[in-house]
Amino acid sequence: MSETDHVVSLDDVRVHFEPESGLFARDDDVVKAVDGISLDIGENDVVALVGESGCGKSTLGKTAIGTQRPTEGSVSYRGQDIWEARDGDSDAEIPYETIRRSLQIIHQDPGASLNPNKTVLHSLMVPLKLTEPDLNTFDRRDRVHEMLSRVGMEPPKDYANRYPHQLSGGERQRVALIRALLMNPDLIFADEAVSALDVSLRIDMMDLMLELQDQFNTSFLFVSHNLSNASYITGKADGRIGVMYLGELVELGPIDEVIQNPQHPYTKALMWAAPNLNPDAAEDTTGTPLRKIDVPDPRNPPAGCRFHTRCPNAREACKQTPPETDVDADGDHKVACYRAIDDHEYWDSPELSD
Amino acid sequence: MRYIVRRVGQAVITILSVIVLTFLLVRSLPGGPMDYLRAQLMQNRTGRQVSMAELQSLAREYMNLHPGEPIWVQLYYYVSSFLQGDLGQSIWFGEPVSSIIVKAAPWTLFLLTTSIILTFGIGIVLGAVMAYKEGSWFDTSSTVVSMFLNSVPYFVAALLFVYVISIQFSMLPQSGNVAPGLEASFSLTYIGSILEHAILPIASLVVTGFGGIALGMRGNAVKEIGEEYIRVAHLRGISSRRIAIRYVGRNAVLPLYTQFMISIGFMFGGSVILEQIFAYPGLGNYLLTGITARDYPLMMGIFIIITAAVVLCILFADLTYSKIDPRVSTGSGESY
Amino acid sequence: MSETNETFTSGSSTEQQTARSRRSLYRERLDRYVLTPLRVIWNDWRTRLGTLIILFYILVGTVGVHYISEPQIGGPRLAGIFEAPGYPLGTNNLGEGLMSSLVHATPPMLKMITAGAVFATGIAVALGTVSGYKGGRVDTVLSTLIDIAMTVPGLPLIILLVVTFQPTNPFVIGIVLSINSWAGLARNIRSQVLELRDNSYIEASRIMGRSTGGIVYDDILPNIMPFVLISFVNTARAVIFGSVGLYYLGILQTPENNWGIMLNNAYSAGGALYSWDSLYWIVLPMATIVLLSFGLVLFSQGTERLFNPRIRARHAETIDETSPMEE
Amino acid sequence: MQAETKHKFDVDDPIFEVRNASVTFDMERGESKVMDSIDIDVDRGEILGVVGESGSGKSMFASALLDAVPKPGVLSGEIQYYPEDGEPVDLLDQSESEIKEIRWEEISMVFQGAMSSFNPTMTIGDHFEETLQAHGRDISEGMEYADELLSELYLEADQVLGSYPHELSGGMKQRALLALSLLLEPEVLVMDEPTAALDLLMQRSIIELIRDIGEERDLTIVFITHDLPLVANLADRIGVLYAFEFVEVGPAYDILTDSKHPYTRALLNSTPNLDTPREEMRPIEGKSPDPVNVPAGCSYHPRCPLSDENCVQNDPPFQSDDGDTDHQAKCHYIEQTRREIPLNLQEVEYSE
C-alpha cells in the first residue's frame, strides 16, 4: 500500500510520561507507556490491539488519533505529520482542522460517554453543526432521526428527546457511535467500546460498527483486553490483530493467521484466557500458564524481552537484548520472540528458573 | 514532602502580601500619610505646630514610614520592621502596638478556639445523628432548625442574648471579660468569672454556626452510608458502633476540612463586631477603637496579626489533612 | 405520557416537508428551559417557600417603595405594633415609622446583594473553571492566588477598605463586602471542574474539535450550575450579614437607611433597652434580616434538583417519560 | 412446613435448601418481585454457576443466601443451611446475633466491585484485623493464616497488608478481597461477579485460583455471573436465571452441549467465542423483563421463537423430557427446542 493511502501510520512511536517535575523525581520514575511501535492503518481497515490494562494500548490509540503527543517518532495522517500540522510550522497540505475531524473516538463506559445534561438530540446536533454548518435545524433533526432509526432505535423522535439516563447501556453506546460517525471520520478509535456491555449486546454493537463502516468508509482501531471480542470484529472484517505487552508490539498479523497459529507465548496465554464454550476441546485445566499473575511495574520494565519474567518458556537468552520483530511466513505476520527463529542460540540456553 | 514546601511557601507569600497591602492602604490615605499624622498629633497632643524634622522622626517611630526615601526603600523598611515585631506606635493609646496585641490576643484566641471547637463538635455529632435517623421527624425538624439558626447572623444573636438574658433576666454579665477588681490569678473565682463573661459571646457564635456544619456533615454521612463497603463491613460482622465511628463518621468529616478552614477566617473576622457588642477586650475590640479613632498604626498592626494567625491555623489544618486522608493526591493534570 | 408535537413529522423523506413552523421549535425550547425549571421549583416545598420570600423582598424593594412614604420624624414616639394609627409596625424614639424605614432600606440592600453576589460568583466561576480546565502552570498560579485570597480574613479587610475609601454607592459597597468570599467558591469550583475534565464526553467533544469556549459552556457549566447557584446565595447572605454589621458599627455611613442602622439606634437608644415593650423595635429589623437570609437558604437547598437531568425530565412535557428499569 | 424429602435435581448431600424464596420491593410503580419463589439445592463441596443477564435478579439471590437483602427489600420463603456438623438452620428466622455468627464464619461473600468493598481510609491489614476481632479470633494466628492465603493468591503479604486500597491494582484488590472472605475458613463462598471488572487474563487466572482453593479447602462455591463461558469450565452444575427465577438447572456439561431451554440456547449462541464460526452469532432480540409486571405464563414467551398460546397462558413447571431428573428446564417444548434451535457449537469441527 503506497504511503498516501494509509489513513494513519505510526513510525517508531514512543510515549514516555515523566512524573510531576517535582524536587524529588527519580530518573527511573519515567513510565514508558508506548516504547517504539510502528503500525499502518489503511482505508476501511479494522485493526485490533489486545493486551492487559497498563500495556499502553489506550495511549497508542490516543496517539493514533492525534490527542496524545508522542515523545519520539511520528504519527502521520495520509502522509502528513499530524503534530507538524498542529504546530503550524511546515506548510501542511492538510490543515490540522480536517485531520482533527477525521479521527474520532468511542469510549468504554457508556454512562460517561454522553453529556448527562443534554438530550440525545443536542448531543448529536453538535457534530452536524461542525461538519455541515449550512444545514438548517430541521434538516439536521431529520439526519439525526434517520441515524437513530438506522441503528434500530425506533421511534427516533422519542429517543431523540431523551436524556442519557433514560437510555440503557447498549443504547448509549450506539448514540456515541452515531456521534463519531456523523463527523464522517476516516478512523475511529474504539477504546474497549464493548467491554462494559452485557455479553449478548456485544455482538449487536460490533455488527453495527461493521455495517456502518461501509456507509461512512471509516476504519476502526479496536482496542480490548478480551481476545474473543477482538477476534470477532476483526474476523468479520478480515482485519489484522496486534498483541501488546508493556508498551511493545509483540505480535502482529492477519486475524486467522494469528488465531490459528499464535507464535508469541503471550498470545498463547491470551488465547488460554479467552473463554472456550466447547467443553470437549482439549482442555488444559492446569493453572495459569504464566509464572507470575501481575504485570511488572511499568516504571522499570524487565530487561531484554519484557515478558521473560512471566513467560512459561523463558530462557537465559531472553534476558539479554530484546528481540526485534522477525518476519514470519509471507511477511505480514510479525512476532517478537526468539522462538520464531529455529537456529537462534535461544534453543540451547538454559531454562530460566525464578 | 513537596506538598509541604509548597504550602509553607504559600503561607509566607500570603503574610508578605498582606503587609504590602497595608503599606499601600496607608499610603493611599486621603491626603497622604504625612498631613494625616500632623492632624492626628495636633488633635491629641499639645496642639502646637509640629516641625517637619520632628514629624519625620515621629512618622518613623509610629508608622515605620520613611518619607522622602524612594518608594522601594520605604517598602523595605516597612516590611523589615514588621518582621522584627515592631508594629509601630498606637497614636490613640500612646503605647507600642505590639504590647497592645500581646495584652489582647489571648482573650480573642480563648474566645475563638472554644467557639470553633464547640461549633464543630456539636455540628458533627448532630449531623451524624441526623444522617442515621434520615427521613425521621427528628431529621426533618433538626434540618429546618439548623437551616433557620444558620441564617441568623451571629451579632443579631448576640444582641438578642444581651437584650433578653443579661438585661431583662440579668443573669449573665453584659460585657467585659472578667469581673472588675479581681486581679489576674489562677484562683477559682477569677477563672469562674472569666467563664461567666465568656458564655454569651461564645454562645452567639456557636448557636449560629453549628447549623451549617450539621447540614454539611449530614449530607456527607448520608452519602457515605450508601457506599458498598459499609454493607460489606456489616456483613463481615463489624459492630455497628465501629462502623458508625470509623467508617461513616471518619470519612464524612474529611470534606468538612475546607469548611473548617474557611470558618477560621470567618470567626476571626467576626470577633470585631462580637467583641464590640460585649465590650470584650480582644483584638477585634482594639481594632474597632483604632478604626473609630482613625489610629492607622493600630489598625494595620492588628489586621496583620489576625491574618497571620488565620494563615498559620489554615497551614496547620492543611498539613495535618494529608495525615488523616491517605487518598490526598495533589497532582494537577497535564494542561490542554 | 408526553403529548407528541404533532407538527413534527418523522423526517423519513425530505420531500414530504410539511409546514414545520418555527413556533413549535420555540415552544419546545421555551418549555424545556423556562417552564420546566419553574415546575421543578414549585414542586419542592423548600424552594417554593424560598422563592416566595425572595420575591416578597424584591416586590417590597421595587414596588413597595412607591406606596409607602419616606420615614419622617414627628410621629408618636415609641408606639408599639398597631398601637398608633398609620404606623402598623410602630415607631422609634424619634417617631419615625418603622415600617416605612424598613421598606425604604430594602432597595439599597437589594442592590448591594446583587452587586456583591454577581461579582463574587462571576470571578469564582471564571477563575475556578479556567484553572480547573486548563491545568498545568496556569492552574498552579491561579490556585495559589485562590488559596491566598481564601486565607485572608474577610471582615477586617473589608473594614480597612471601607474606612480608607468610604464607599457610598450601594453597588460598590456590595462588591467590597464580597471582596474575598469568591476565593472559597473558586476553590470548590476548581475541584469540581478537575473531576469533570477527564470525563469521556468532554474528551469526545475536544476530539471533535469543539472550541474550548463551546466545551466549557455546553459540557462543564451545566454540571457545576447547582454549585454556582448555591455560591450565589451564600455570597448574598454574606453581603447581608456584612453590610448590616458594618452599618451597626457605624463604619458604613450612607445617606440611605439600613437595617443595621435601625438595629444600632434601637440597641443604643438610652432607656429603650431596659423595658420589655420596646422589644419590637429591636426584633423587627432582626426579623427582616433573618427572614431574607432564611429564604435564600431555603432556595439554595433546592438548586441541586433544578439541574438534575432526571428531575427535569420528569417535569418536562417534551421529554419522553419511559425510562429503562434500573437494575 | 414439612421439609420436602426429595431434594431438587438429585442433590444428595445439600448444604443449602432454598424453598420458594422471593424478594419483593414496593416501588411507586407497584410491587416488584426481584426474586420469584426460587427452589434450588446446593450440593456440599460443589461449584454452582448461576448465570443471568443484568437485571435478572442474580445479585439478589447472592444477598438472599446471606439473609442480607438490602432495605426496603423483603425476603420471604425458607433457606435451610446444613452446616458440616450441627443440625440444619433456617437462615430467615435467625436473630441478629445468630446470623452474625453464620455470616463470614460459615457463609462469606465476594462482591463485584472490589474497588468499593474496602474502606478507602484504612489499610488492607486493618480490614483483616478488624474482622478477626469482630469474631473474637486470635489476631496473630489469624494474620499468619492471612499471610498464607495471600501468598497462595500470588500476593506479597506484607506489601499488600500495608497499603491502602487506592494503591493496589484491580486484580490485586480482588484477590485481597478473596483472601478476606476466606479468613474465617467459611464452608460456603458466594461470589457475585467477582471478576467482571478485570482483564480477561487476570479473570481466567483468578478463576483457576478459585478452583484450586475450592478443591483444597473442600469449599462449596456459588459463582454468579452474566458471562456464561467464564463459568462454563469452572462450575460442576449451572443454574440459568431469567426474569427473577431459575429456568434451567443441570450439570455444566449437559447445559453447554444439550441445553433444554430456548433462553439458554439463545445465550450460548450470542456469546463471542474463538472456536465457533462468526456467522452464526446472533444477539437476543427484545428487552429484559421489568420486575413490576412480569409476563404471565412462561416469562420468556415474548422473546421465544417457539412460544405459542400454551406458553402465554400457563407457567411451565420444571420438567425434563428424557427422564434424567438432574437436568430440568421450565419449558413446555423441550424436545422441540433441542430440534429447532441449533447450538452453533454442534456444527463446529474441532480445529486442533
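Going in written order, the chains are labelled A, B, C and D, and every chain counts its residues from 1.
We take it that contacts are C-beta pairs under 8 Å (C-beta built on N, C-alpha and C of every residue); 3 or more make two chains touch, one makes a residue touch a chain.
Not measured: the values here are computed from a predicted model.
Enquirer: Going by the touch criterion at the top, tell me which pair is linked by more C-beta contacts: B-D or A-C.
Expert: More contacting C-beta pairs are found at A-C.
Enquirer: Measuring centre to centre with C-alpha atoms, which chain is farthest from chain C?
Expert: D
Enquirer: Measure off the straight-line distance from the CA centroid of chain B to the CA centroid of chain D, and report it in whole Å.
Expert: Each chain reduced to its C-alpha mean, chain B and chain D end up 58 Å apart.
Enquirer: Between chain C and chain D, what is the separation of their C-alpha centroids in Å?
Expert: 52
Enquirer: Centroid from C-alpha atoms only, then distance chain A to chain C, rounded to Å. What do you get?
Expert: 48
Enquirer: Find every residue in chain D that makes contact with two or more other chains and list them.
Expert: Residues 54.
Enquirer: Can you tell me which residues of chain B touch two or more of the remaining chains?
Expert: In chain B, 332 touch at least two other chains.
Enquirer: Chain C: which residues touch two or more other chains?
Expert: Residues 206, 324 of chain C each touch two or more of the other chains.
Enquirer: Chain B touches which residues of chain D in the complex?
Expert: Against chain B, the touching part of chain D is residues 66, 68, 70, 100, 103-105, 108-109, 111, 113, 116-122, 127, 130-131, 134-135, 164, 166, 180.
Enquirer: Could you pull out which chain A residues touch chain C in their complex?
Expert: 65, 67, 97, 100-101, 103-105, 107-109, 112-119, 123, 126-127, 130, 137-139, 141-143, 145-146, 149, 155-159, 161-168, 176, 179-180, 183
Enquirer: Where on chain C is chain A touching in the complex?
Expert: 2, 4, 8, 10-12, 14, 20, 25, 199-201, 203-210, 218-219, 222-223, 307, 309-310, 312-313, 318-320, 322-324
Enquirer: Of all residues in chain B, which touch chain D in the complex?
Expert: Touching chain D: residues 227-229, 231-239, 242, 246-247, 250-251, 254, 324-327 of chain B.
Enquirer: Taking the touch rule as given, give the residues of chain D at its contact with chain A in the complex, in rising order.
Expert: Listed in rising order, the residues of chain D that touch chain A are 53-54, 154, 169-172, 199-205, 208-209, 211-212, 226-230, 232-233, 252-253, 256-257, 266-268, 270-276, 278, 281-284, 345, 348, 350-352.
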